[in-house]
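Please go over the structures that come below.
The following pair of complexes shares a single chain, chain A, combined with chain B in the former and chain C in the latter.
Let's turn to the complex of A and B:
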């Protein structure tokens, strides 16, 4: 099936669909990519509507005054599926709370781009692969909890450079 | 001899009457090919138990003529998943081939060229790929409908179609065709519908398409990326009712000649790079219902002459650089249902008569510089679903009529200068899911009657609202976000609030709330964020707060909370932000669990609180109600003394 189908079948209705409008919506796109990649039997992501101008009215999302995403709160949400590299685009994200779900697959190395991140909580999931050294770039990180997953390999030395780390 | 001759004649006759494949055999071959290895369907297409010349005519989706030739094949929306075999070319009498939405793949066989009786060829919504074999249409002189919408065809648009003299409906949209739109498509004079949208087309839109005098609907946008703009010649498409060239990088100005399209009902040009003004000549489009010019770089004002277009149902002009007032006539449009003009530089007031036509469903004027009051009759027809006025300079009170608007789904009027009381009816609206009134000058109190299963977001923060927080807020069974901060609420936090099973964000900070934090807080287990800071809360921090397994952010700073910090908080692994500063807490900050992660700033401003992560604090047992202001050090010395005396005791 052509990839365009879902997008402009809504054309026929008089209300139009916005694609990427203001730069705030690239954050919405990134989060919507996450939504598509997760299985959500409890419909916690029901409000994640990509046609809105920004994700700031979405539940489980918190934005700052400039409509940039600062928190993603999806702990204990019965989610499965996997994470996506697009998460790395959330430049103002401070708290990424995905603990106690059934998320699988690797930790995208792009999470190392989340330069404002204070808390990365992926504990109690089914995440596999190794811990990306890029996480050493997260200079504001205080909480890094990856326990109770299926991670393998060494803890990267780069993490030692994160002087703010308090809870691992 | 004569007998054997007759026999030969009859044999010959019988032989020539049968083709190399019978219709039955062709259909069975089609079935085996179209229901691929993982596919299903066409279960009733079976070899008949008793030979019958007409058995195949009873197959589902098959229609025969009186001579038992298959004239129509309509098999749609079944998960066939296979491909179309060359044998389809044997159905020589086929007039209608419709195989829509069957998940078919592969290429279209060139043997289809034999289907010269075809009037309808519709293979839309499948996964056919490769280039489209335009040559198969050369013999299809009767073809009226060619629909290959939503497949994976690629390559150039087929040129052979220009020889079709009867083609009315041509839909090549939703594929991966590239290259230019052929100028020669202007030769398909019979065309009434042309769909090329959703491809990878490029180059200029040929002006020659304007010669398609019978064209009623043309769709060229979405994912295509053209050079230049809309050819002004398109103004001569006198039959045109529907023009859609949205989202395809159009540039330049809107041609005023488009005003000649007397039959135009819907004009979609949104999400392009169009600049310049909206031509006043467009006011000649006296049948225009839908106008969407949103997300462009248009400048200037809404032409006054648009008042002549009484047929408007939808006007989308959002995200442009338009200026000036919203013309008065907009309020008088008899059929207007949707007005979305947000993200511009519109000034002055909303037309007073807006909504009086009783048909308004969506009004979105946010992010402009509008002033003045809200028209009373916005919801006169009881159909208004979205009222979005945020980030303007609207003033005055909300009309009471708004409280009667039972159809409202979204009310977003924050960041304006509204004053007065919020109409009570808004708190009992059955369909309202978002209520955002924050950042205004609302005063008075919240009503005591509050109930709704629809409301999920309630924000009245940054206003001047006083009175108690109504316990009836607990009737909002699906509430997820409650924002009451920066107001003048007084009294206690009603314990009922924490019965809200879905409440995730609660902010009551910067009010005059007193009393204790209700212990029922422990029942509200969807909470991820609590802010009760800057109030006059007293009593202890309920230890039950540690039962909130999703709580990430707790701010109860700047209150009069006393007693000790419940040690259970240390085992709240979800808690990544804590602020209990500026209270009257005593005892010590446990040097364990989550407490180890928080800065000084989380605890500062509690004179009797000893931070055992930094200094050694006396054991809890030694604390009594008569803690003096000497802080930790006095207790430290007396603890040392006690230890020494115990040690001495053991020696003696």
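Let's turn to the complex of A and C:
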């Protein structure tokens, strides 16, 4: 019985480790797609090397104990270009800080998939289009700051479902 | 003579017949496959592609001449399609099997699109194909076994798709293959040893798959191989020794597998052309091979996350092209008293931008470098002022060592710094005001040191700070300046366990991103500002163990996100609050309310007032003072009775609290002087 439990635990550990190693790379791929879509004259993203096993050593990225990305801190970094839907793959992302740049284009609706998101700060950019209703899925969101952009259209009703929202 | 003539005639007849036969063949071939079939194949290809705007194949229509169709390359005479260059076009759809009819095709480049569906078997009909590049798509299925028909193939690039199945042994027939790139797919099973027959191979990339079993030693037969990348797989076993003899190798990457064994000490001698060496995330044991430092052109040395031990071999200073050196998370130790002196020799490596030794057992003096993370070692000595010369430094991590002395002012020169962690050392002196220059700083942790002086307003003026400001567990004194409001983006402020005094500034209401505020265990006085009620994201507020007085501001009830509120061991008073977080008392550590509510008002009638006499003959203290005094003493008493040992206060804290009960009574409630300590 003990042997069986041991077998199952070691199997689970092995699978988790393998999955962590492989999946950690898909977060790096998503972030690298963001890098390719941004213009970065100050070379803030120079350390974003996609050949590394995971993005946890990249500057402006913070990971948790399991090497999953929890913070992207690129506020005030002189970036332009646009956001990419791949950002929605960062399932453990808590803080997406892209304020005070010159980012254009729409807010990808895939950001609604960031189920761990606590803070979405896109203020002071050149973002256009409408606020995607999918942001209503962000059940952990506390801070949503989209001010000083070129957003149009209505505020989606779905945002009212985010009961955790405190600072808008 | 006659014999020769006859055979000559025979031969010429045979030759003519053969030539005619070839012509007939050619004729037959061109009549079954011709420019028309090529056009049909192209049209069939287009039919499988989405033509939604922006239609990348818009030029592929009847009105435009086929010569002008995007990405279609014809041979010299213009009658057959020899190349299809449709990369980076965002093509959506699948690859039509009819592509196999483009029998003169030499180059098929469809990389970086969004093509789905399976890898069509019919591609194997393209027997003239030299370059097949389908990388960066979403293709599925597996490589068909008849891929062996592509005898002219030089380049097979299927990187970054979802192709599964085993790496086919049939690849062995592609004798002209130079580049084989199957990385970032879903291949499983063992690496077929028959790949060793691909004698022209220069690049072999099987990285980021699920390949298992051991690395086949036969791969060492690839005498022309320059790039070998097997990273991120499930390969097990030891590295076959013959691999280390592949002297043509320029880049060797086996990182992130389950490999073990020792790295041979002479690897730098047997692989003299090496530019990149990546063995991270395995279980390699033994010592770091010193011969790597003989490779003057080497750019990347990565061995982090293994079980390597011993010391860092000498000779590190001879590598001017070195860009990345990572030996973190091993079991490396110092060599004697030299400590980390070997690192100063790295100043010759001016291109070095990534250096990590963290998670080892190194001790010694800190040298000069570009990126620095030496956390959790046993480094002693002071931070040298030369650290200010590392102007490109973005992250400075020295946490968890035994570093002493003061923080040099020159650290302020590191204007590109975005993370600084000096926590858990023995640093003394004041926080330098030069920290004002950290224009891009995201996180500052100076906790658990012996820093004193006050918190300079310069470090409060860091609006870029976003994750953390942690100055806890030091000896900081003075007031909390109202400039704290400049920290608009920071999520966590921890100033606990210091000697801060004065009031909590009202301006703290402007710290709009604040989620966690810890200022416990200081000497703060005055009231709790009601303006805290405007910090809407506040989740945790710990102001316990201070000398705050007045009542708990009712605005606190408005904080909808508040989950943890600790205000015990202050001089708070006032009415019971019932709204907001106070509805669930178990989440709140107040003790004021608890004891106050429980304390019967007529308790004093049974209480011996002589016990509260400051001096014999003195008048007893005012009723309110008696009341407050008793409540506080009861608080201390009750804190000693908490069930879990961690929650209970220590004797020293209890004595401290009891003494401060006396002192605080004099502070907050102007009353008679008291010369003697109360008999308690």
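Here is the rule we use: the second predicted complex is superposed on the first by the 147 of 168 C-alpha atoms of A that agree within 3 Å, B and C clash if a C-alpha of one lies under 4 Å from a C-alpha of the other, contacts with A are read in each partner's own complex, and residues count from 1 in each chain.
The criterion applied here is as follows: a residue touches a chain if its C-beta (ideal position, glycine included) is under 8 Å from a C-beta of that chain, and two chains touch if they have at least 3 such contacts.
On a predicted model such as this, the values are computed, not experimentally measured, just so you know.
In the superposed model, A:102 lies in contact with neither chain B nor chain C.
In the superposition on chain A, A:25 makes contact with chain C only, while chain B stays out of contact range.
For chain A, the partner that touches more of its residues is B, with chain B and chain C as the two candidates.
Comparing which residues of chain A touch chain B with which touch chain C, the overlap comprises 18, 21-22, 47, 57, 59-60, 62, 71, 73, 75-76, 95, 97, 99, 118-119, 121, 142-143, 166-167.
Looking at the complex, you find that chain B touches chain A at residues 103, 125-127, 150-152, 174-176, 197-198, 219, 222-223, 244, 246-247, 266, 268, 270-271, 290, 292, 294-295, 313-314, 316, 319, 338, 362, 434, 456-457, 480-481, 504-505, 528-529, 549-550, 552-553, 573-574, 576-577, 594, 596-597. Put simply, chain A touches chain C in their complex at residues 18, 21-22, 25, 47, 53, 57, 59-60, 62, 71, 73, 75-77, 95, 97, 99, 118-119, 121, 142-143, 164, 166-167.
Residue ranges on chain A touching chain B, taken from their complex, read 1-2, 4-5, 7-8, 11, 14-16, 18-19, 21-22, 47, 57, 59-60, 62, 71, 73, 75-76, 95, 97, 99, 118-119, 121, 123, 142-143, 145, 166-167. Across the complex, chain A is touched by residues 208, 210, 231-232, 234, 255-256, 280-281, 353-354, 356, 394-395, 418-419, 440, 442, 464, 466-467, 489, 491, 512-513, 515, 536-537, 539, 560-561 of chain C.
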